[in-house]
Each structure stands twice: as C-alpha cells, then as structure tokens.
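Chain nomenclature is as follows: A, B, C and D, assigned in order of appearance, with residue numbering initiated at 1 for each chain independently.
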Amino acid sequence: MDLIINIVLGGLLIGGIYSLISMGLSLQYGVAKVLNIAHGEFLMVGAFITYWLQQNGVDPLLTIVVGGPLLFLVGFILYRTVFTSIRLKAPNTGVYESNSLLAAFGLYFIVQNIAVLIWGTTPQRFSYLASSVTILGEDFNENRLVATAFAVAIGAAFYLFLERTRIGKAIRAAAQDPLTAGLMGVDINFVLALCFGFGAAMAGLAGVLISICYPITTTMGLGYTVIAIVVVTLGGLGSIPGSFIGGFILGIIGTGVTYWEPGLAVASYYVIFIILLLVRPKGIMGK
Amino acid sequence: MWNKILKYSIPLVICLVLVLTTVFASGCGGGGTEKNEILIGASRDITGPMAGFQDFGFAAVYNMWIDEVNAAGGIDVGGKKLPVRIIEYDDGSDPAVVTRNLEKLITEDKVDFLFGPTGTASLFAAAPIASKYNKIIICGEGGATTLIPKLPSMPYVFSVLNFSDHFQIPVFADICNEVGAKSAYIMYMSDLHGAEYNLTAQSEFTLKGITVLGTKSIPPTITDMDPIVKEAKASGADIFCSFSYPPQNILFMSTALALDYSPKMVLLGPGGNFQFFPLMFGDALQGVMAEGAWNAKSSPEAGAFAAKLEATVGLGNMDWWGAIVYYAALQHFAQAIEKAGTLENKAVRDVIATETFETVIGPMWWDCGPDHAGGGLLPQVCYAGQIGQWQNGIFEVIDPGDKRTAAPIYPKPPWPTP
Amino acid sequence: MDFSKINWKKAAITAGIPLVILIFLGLWPTIGPQYWVTLFSYFLLYIIISVSWTIFSGATGYISLASAAFYGIGIYAAALFREQFAANLPLIVVVLIGGLASFVLAFIVGAITLRLKGIYFAMFTFGLVLLLKEVIYYWEIQFNDLRGRFVAPESNDTIYYYLLGIFVITMIVAYLIRRSKYGLALQIIGENEEAAAHTGINVTMVKVLTYAVSAIFIGAAGVIMATKLTYVDPGVAFSPMMSFSPVLMAIFGGMGSIYGPVIGAVIFTYIEEILKTGSMKNYYMLIFGVILIGVILYLPNGIVGSIQNLWKRISGARRAHTRG
Amino acid sequence: MHILEGEGVTKYFGGLAAVSDVSFYVDEGEVVGLIGPNGAGKTTLFNLISAALEPKTGEIRFKGKKINGLKPYQICRLGIARTFQTVKIFGNLPVIENVRIGSLFGPFKGLSTADATREANELLEFMGLSDVAYAPARDLTLAHQKRLEVARALATKPTLLMLDELMAGLNQTELIEAMDLVKKIREKGTTIVMIEHVMKAIMNICDRIIVLHHGKKIADGTPQEVANSKTVIEVYLGEASDAGN
C-alpha cells in the first residue's frame, strides 16, 4: 500500500512537469508539424535563466513571468524566420516535416552550445522550498508539490485559452487541417508561429519548475525532449488534453519502474513508445 | 549531354580539391628532423558533457605544469632545453572521436607523447590506440578494474588515478570497521564505473563484516531519485554509498536533504571531492565522504602545490582527488625524459617504468607488473589519500595510518535546518 | 545487340570516371600520407552509410533513423564474434555476420512498421536505436558486469581496403537498384504508395526487402569500424549521431543523384575534421548547427541539385539569349 | 458470363456500415454505372474490390475465383485496374513514365523495358496525350491528369477497368471527350465499372446501373428502369430537398 501511494503520488508529482513539456511539444509537433529536437533546449534555457536570476536574488517562481514571455518571443521569431521559410519552400508536407526536423537538429546544437559557452557543463542547483511534507503517511518534496501545482495551473489556463479564445480556435482549426484553416481566412503562418512560440514558452516554464526541484545541467535537454516525444505519442499528436494526461501516466509508469529497476526506467519509456506506435499510433486521445 | 558531364565532373572536381589539400597539408606537416620543441597531443572533451573537467581536472594541472616548464626554459633533452607545446582536439566525450583524434595527433601532427582524454570510457578508447602506435600516454581522469588485466599488453599506458579496488574501497571498509559502521546501502550507476565499485564494495564489505542491506543501480539519465532515497531510508543502513558521477551525486544530495535522509555515513563518488560541491551545498556537507583525497595539510609540498594551483585555477575549481597525483606524474615524466636524454618513446618509457623520482607526493614510481614490462598504475604508498571527509570546509584525508590529516567524524551530524 | 546504337562517348564517361576514381582509391594507401589514409577510411565509412540510407529513404521518402541501430549491431557482432564466441573467426566472416545481423534486424523492423507512415516511421526507428542502447547497457551491466568491450585492432590498411570493398559493393548495388525496375518501384512508392499498390507493385515486398538490403552495408561497415575503435560500448555503438549523419549528408549533397550523398558525406566529414581540430574547436558544434540550418534554408536540393539548377539557369539563359 | 460478382459484401467503419450486404455482378463487355448520393458507399465498394480495404463478410469473385484477401498488387495483376476519385498520379515523373510503370508492373507478366516504352507511346497516342509525354505529370491540367490515370490503368492490361468519378470537375468540352474515351475503351473489349455523378454521362454510356444508398443496394437495372424506379427517385429527391433545406 505504501508502495502504491509512493508510486502514484510520486508519479503525479513528476508527471505535472512532463505534461507541461509535452503540451509544448504537442503544439510544435502536432500543429506546426515541427518535430522539435531542440524542445528540451528551451527547457534548459528556462532553467538556467531561473538559476541565474536566483543567484541574483530573484524568487524562482517569479521567473515564470519573465521566462515564459521571453521564450515565447524567441520561439515565435524562430518560426517566422526559419520554419516559415522551410514550409513555403517545401513541395509537400513530407519534405517540410523532414527539413524542419533537421533544422531543429541544427537549432539543438546551436542553443546547447551557446548555453555551454555561457554556463559551462558543471551541474548547478539551488535550494528552494527544500523540505518535505507528509501526504498519506509518505514524505514528498515540498518544491515538487509547488511545481506540480503550477504545472497543472499553467496547463489548465492554456487549455482554457485554446477552448475559449479566437486565437485558440484558430490554433485548433490549424491542428485539424492547416490547408482548410488557411482557406477559412486564418493567417496560417501567424498561427503556426504562435504555436511554436507557445511551445517554446511551455518548455521554458517547465524548465523554471524543473530548476526548482532538480539539479540542472546545460546538457539535460535531450532527455526531456525524448520524454516529451513519448508523451505526445501517448496522448495523441496535437491533442493538448492527451499530452496533459499522458504526462501524468508516464510519470506514474516511470516512478513505478524506478522502484523496481531504475536502470530500465528509460528503456520502459521506449517500450511504451514503440508498442504505442505499432498498436495505436493515434495515441490514447487521438481521434 | 552537358548535364551528364556535369553530373560526373562535380565529384571529380571535389576529389581533386581534396587531393590537392592533402598534398599541401602533408607538405607543410613534414617539418625538419631537428626537434625544437616537445609536442604533446591530447583529445579532450571541450564541448561535450564532461567539458567541465577542462577547468579543474587533468587539463588544469597539465596546463599549469607546461607553463612552469616553459618558464624554466623547457625540458633538458640530451643537453638541449626544449619547450613543451600541447595540441588539444575536441572529442565531445565520444570515445569514437577520441580514437580518430588520437590517430590524427600521432600520424599527422607527429606528437611525441600523449596525455589522456576525459573520462573512463574515453580512456579505454585511447589506451589501445596509444598501444597500437607505441606512444606514451599519461592518463588523468578515469580508471577502472577492467583495465588492469589489459595493462600488461599495453606498456605505453600510464594511468594515474586511484579507483575502486585500486585501494579506495578497501581503505573505506577499514574506516567503517574503525568507527563501527555495520550496514550499508549501495546505489550505483549502471555503467562501468558504478558496476565495478559496486562489485568491489560487495566483496570488501562481506570480507570485513559489513552487511549490505540493499543495492540499486541507476541509469545515467536518472532525473528522479525519490524512490531510491526512500528505500535506503527504510533500510536503516549506517552507510549510504553513491557510486556515480557528479550529476547523480548532486541529485542524491538534493533529494536526501529534501526528504531528510541523513544516514550515519555518506560516501559519494566523483563530484563529492571537488570544491564546487561545498560551494553548492555549504554546511550540509559536514561529515560527507568521497573517494580519493588530498589537501594542503598532507605535506608541506602539498600545501605549496595547493596554493599554487588555487592561484592558477581559482578556489572553485580545486580538485581534491587527482590534482596532486597528476602533477606528481608529470614531474616524474619530465625527469624521465631528462634522464633518457631523448624523445624516443621506447627509451623514455623504460625510464618511466623503472625509475623512482622525487615529486610533490614524495618519491614516486610506477607499478608496471613483473619485469616492469606492462603499463603502469601508481602503488598505494604514492597516493596522498584514498578517502576524504568534509570537515569544516576542508576535505580531510581520513585513511587509517600516516596519510591521515584528521580523524573521521562518525556518525555524520544531521543535515542543518534550512 | 546493335552496337551502332551505343553512345561510346557516354559509355566512356559512365564507366571511365568511376574506374579512374577507383584506381586512385585503391592506390591511396601507398601514395597518401598516413593520416590521410585514416581520414579516407572515414570518408568511405560515411559514404557507405549515407548511400545505403539513400537507397531506401531517399527514394521512398520514409526517413529512417535506424542507421545507428544497424551500425551498432555490426559493432556488437564484431565484439562478440571476434572476441567472445570464437576468437579466431576471420574478419571477412565477421563482416558477413554483421551484415546478415543488420539485414535480419532491418527486415523485422521493416515488416512490423509497414503501417507507419511519414514521421511515425522516423520516430519508431529512432526509438529503436535508443531502446537497443538502453537494453544492451542494462544487459551488459547486469549480466556480464561490464559496460564496454575491447576489440582487437586491425592495421589501418586492412580497415581501409575492407571499407573500400564495401564501398564499391554499396555503390554498385545502389546504382543497379536505381537503374532497375525495382528502383522505379521504390521511387513511385515514395510518390504515392496507394497508387503504386494498385498499379501492380508489391509494395510490402519492395519496401521491406530494400530496407533490409540497404542495412547490410551499414552493419558490415560497423564490424570494420569496431576494429578501429578497439573499445566499444553501447554509447559508442548506438550513438544517435550515426542516425542523423547520413540524413544530413544525403540532404546536404542532394538525393536526386547517386553522387549527392557521396559528396555530402565527403564534405561533411571534412568540415567536421577541420572544425574539430582547428582553432574554432570550442565552437565546433555551434558552427555545425549554423551550417545545418543554412543548408536547409538555402540549398534545399543539396549541393548537386543546386549546382545543376545553377547550370541550367546559366545555360538556359545563354540559349535564350542566342535565340533572341 | 459474370466477370465480377459480389455476394453479401459488408464493411463497417467504426460502428457504421459503409457497405451493407451488397450483392452484385458485372458481365463481360458491359459498362456498369455505380451511382448514389454522397456517402452511399460507392468508393468503399471500389476499395473493397481493389483490395484497398478488406470486407468484414461476404465474398468477391473475379472470373469465378474468390479474390478478397488478396493484396492490391495481386488484384491488379489479375486484371482489375482502377482510377481514383482524387487523382493519384506520380507527379514528379514524366507523363510517359507514369504509363510505362503501368506496363512494367501491372500485367501478370510485366513487359520488357522496350516493349513498355512502345506500349506507353501507343497508349498516349490513344489518349491524346502524346504532346505532353515528357512533361512532369504534375504540370498537366486536371482533365489531362485524369486521362493519364486512365492510361496508366489501361497499361496494366486490365480486363476490368474501374473509373472513380472520371467526369467530375471537367468542363463541357472535356466531358464530351471523356465520354468518347470511355466508349473507345469499351470498344477495345474492356469491361468497365464507373462511379459517376454526371447523369448525362451515365445515361448515355452505361448498359446497366447499380444504385447504392446508405451502403445498401437499392436498384439494379438498365438506365431506363433505374430512371423510372420509385425508390431511386425518392432517394434523389429526398437528397435534393435535404440540400434545399
């Protein structure tokens, strides 16, 4: 029983962050059709901005206000400059997808190495809300509780944004069918750039929350990108609620496997991923 | 027709360009027979995940050593003082690239000697290449038991660092017996490093009457250590061993602090012995132990060396594990070249393998197996210490015997309240 | 056969130039500086891998990111069959084993991923590389108490000539497939798979078989490279870079012709060499990233394609001029 | 003799029956029209015959042999060729290459390269596409692309040709040309099944018409019989009045 509480609650506490990263990737990959290998690098940048500000006396949670919009802007501009041009030049979707994957790969090298030049490769951490709280008789990190709460709040706010606003509707239309959405008078390049920007912002916010809970390094990005890819597949390409729920599911599975055999935790992600692709490539929430 | 010709001529032109570059490159690379410098090559992790070691590992020490040697006019080779120059190539921590870089250094740049790459896996990739070309390689960061049976067939490989059964864990088990710690929980990384520390610890602990209450292997990519820390806490073991690298050790410390897991004894792997650790964790490090140790109090020479190194790299980049032995090995190396009076690798290698020279750690020699025929490791007496413990901000050597700079604190005080 | 119909000039170019290049490559170890023999080995390695990749993925548009898996299987074949099971197995036999192992793996992957289209196929194949890496790591640590394995080195010339041999076979196979009915089938599968199926092409067979055949060369190259690396672990064997490099090289060179990937591989390897060992080594990966994005933005047809386009424009303009 | 027969053919999508218990036959040399409102299951039936989909129950026979369970390429090599509702040509290849592919892979025993080229030239001549033989197929007009698709299908040497909305989207002149084309193909002895919305064409060309509605066969007879059938009129009128609302 203790074990189940530990696995489920522990999994939920890590899952919130997974959800946030994955929702970001779901926008970039599911809607804008960019399999952004550099997604985790935005997360890393968010984490290091937080670290840097924290060293200068700024409360880490306040960074959300800075990091989110800043990375949104970076993502938006990147899409407008690089990916829009790739999209317009590509003769078909397949070419666009593969070329943008490669461009994202280039981006990954660029962002990571700039970060290495600035912050080095030594792991960094700072202490924030570093004590434990007892839930159902088990101890959990206070900072992870806070991070999960924020992750859920940001995720929910974003979901409402998609459901209730005009821009949100345009994004959902683009996710369904970019061509038709374009015909319906949606400025498709603008909307896709928005998606990419929001994706980068979500990654950055996840990075802020991760820096509160875990040690950070400039090379940690790719690991989170892979997790996000698995979750997005799990939840269904382009399905925001799917990614949200998928993040928690993966968190619980990962925690469970870690209790049993930590060396297989990452392998278990890939097993889930590969089986899903074979059995149900649309994901659990895909239509 | 034109298109056809074009299609074939493009690759031809490119090949031609390459060939021409080749000829030029080799023409310039040749050089005269008269040596006017000692050229040392190294493949290092300049951009990869272990790039941090450039600032405080072997590279920091050999750069300081090269500056010193050159300031003094160079190394005397057969009556002529030759300055030392190093060529470093980046390998991004990829052992495959290490191989390729070393081949370039040996065959293209024609370096005289090699310095080792960053990390155990890269060291393993480098050792066979150096042996293939009979080039002396002095290895810094890294080392593992698996290398020992290979050393007799690799007479040009000299590995400086102490590691698991190369004295660290046996000494640690003795310390546990001394203070009366009875049981242990082992967390090890699922790589070569972790696996062999775990194996050594299992057998040493059994030998010396310490019960192992649990073991868990962790992947290098681990991000969440709560399950392991909770399990270790529940086991109630006196000793917690973390046989892993800096990122995992930092993650363990953070998790243990948050979940208030404070066993009587904590032993950390690499990372725990570097100065950035106390800068990161402050008072919480009081009583925490790590593998491989020296400090300014080890000897007057060590004190002077510590001051000099700190002036060069800064306090934050001090390495209390390998720095002093790296330096000693380089001093030994320079004296060996002078004694051999040549840069010919076979002659220098034979001097290194057989002679004892005075160094910063006292008299130093290499243990190269029967008849001094194989590659070398340092004997136990040459090391300044095997196990260290943070006490009031100083990484004290707590080995039993005359290397000790302070008595071990047991049990470790609980974590300070945040 | 009607000999008068043969265009002798064309035939001479078609057969002659490759022959000249081949003779040059064959003599290279005796004339080239020592390190340049090694560097040419790397050229050959990357040419083999990127041409093999292009045989299937270039034609069909299915982006396979499993090259690292085939390469890694070859490396582990070398580690197991050279060192553990049968210490004295001749290298050529191990090369065949490595090729066969990659063939089998690729056949299985091909057969079970038939349903996956586009980016899903890319993701599956990439996931496979990472899964193999993690599982072999785990297996080696848990059951063999080791992480990496030593492989007995071979002389540089041996490695070079083996790679040259594999290179020649790869080029011939790639050329034959491209020229054959079979290659046409691949190409139209890339254009429209459904229509291809209804036009009488056994899409499944063509896809799976080509994929598996193209993997043979990557696996065989892996075996040879293991003897150069001498120390291999799952991180080295299943390095994701080996999956991305052929894609980058093929796109960089251009997939429209068989020479595109060759040129891409040579230039990429050379640029990497210069950057890594030059004065810019601290920025090597950074520059690499910039070049990558630059190529995709400004050379979408690769180098060969862009030069051809440029040529067409120049010659077209001239022709237009004279006509006017 | 029935060249193609279907017996109780049924296919579900999710819970919905797209084709429900449909039995039909096509005689050798006939031109059969397949009509029905949108979503009636016409294209699904084509897909079932050409093995793009597999029926849940029922049996499809070609020349008396059961063919469901086969793969699309096998169907093609048996002698059933088809075109698509949305044109699926190989756009980056030259027009003649598109046709050559049909000859190379489609017949039970593929032709040699030289024969295929000759065959392709003849077919292009027949289809009136000789002028554009070396243009990339994607540069053709829609009408020409449709012709090209028919040419490619014919290159596979079919005994049965299935045309999916050949006339849709064509202007008046093109329509007349297309109708002539179908007649010409028929004269060569090829049996034809065609899905069509253009009633003028259907009534003009077809020997027999099968009407589908909501996945069920509701009528089967000569154009005259079908035009006078009450059920059919109701369906089409109902459809029209729905659209009106």
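List of remarks:
Everything that follows uses one rule, which is that contacts are C-beta pairs under 8 Å (C-beta built on N, C-alpha and C of every residue); 3 or more make two chains touch, one makes a residue touch a chain.
Nothing here was measured: the structure is a model prediction, and the numbers come from that model.
Grouping of the remaining chains in the absence of chain C, by touch: A, B | D. Among the chain pairings, B-C comes first (most C-beta pairs in contact). When each chain is reduced to the mean of its CA atoms, the one lying nearest the mean of all protein CA atoms is C. Chain centres here are Cα means. That of chain A falls 48 Å from that of chain D. In whole angstrom, the spacing between the mean C-alpha positions of chain A and chain C is 33.
Chain B and chain C have centres, each the mean of its CA atoms, that are 36 Å apart.
Look at where the CA atoms of chain C average out and do the same for chain D: the two points lie 42 Å apart.
The multi-chain contact residues of chain C, meaning those touching 2 or more other chains, are 134, 137-138, 141-142, 282, 285. Chain contacts: chain B has residues 47, 190, 217, 219 touching two or more partner chains. Chains touching one another form the pairs A-B, A-C, B-C, C-D. Interface residues of chain A facing chain B in the complex, by the touch rule stated above, are 6-7, 10, 14, 113, 116, 120-125, 127, 130-132, 138-143, 214-215, 217, 219, 223, 254-255, 258-259, 261-263, 265-266. For chain C in complex with chain A, the touching residues are 61, 63, 112-113, 115-116, 118-120, 122-124, 127-128, 130-131, 134-135, 137-138, 141-142, 244, 247-248, 251, 282-283, 285-286, 288-293, 296-297, 300. Those residues of chain C lying in contact with chain B across their complex are 10, 13-14, 17, 21, 24, 32-36, 38-39, 42, 134, 137-138, 141-142, 145-148, 150, 153, 156, 225, 228-233, 235-236, 239, 241, 257, 259, 262-263, 266-267, 270, 273, 276-277, 281-282, 284-285, 303-304, 307-308, 311-312, 315. Across the complex, chain B meets chain A through its residues 47-52, 55, 190, 216-219, 221-224, 226-228, 230-231, 246-247, 250-251, 254-255, 257-260, 276, 280, 418. By the touch criterion stated above, chain B contacts chain C in their complex at residues 1-8, 10-12, 14-15, 18, 22, 25-26, 29, 46-47, 88-92, 94-97, 99-101, 103-104, 107-108, 121, 124-125, 127-129, 132, 146, 150, 190-192, 194-196, 199, 217, 219.
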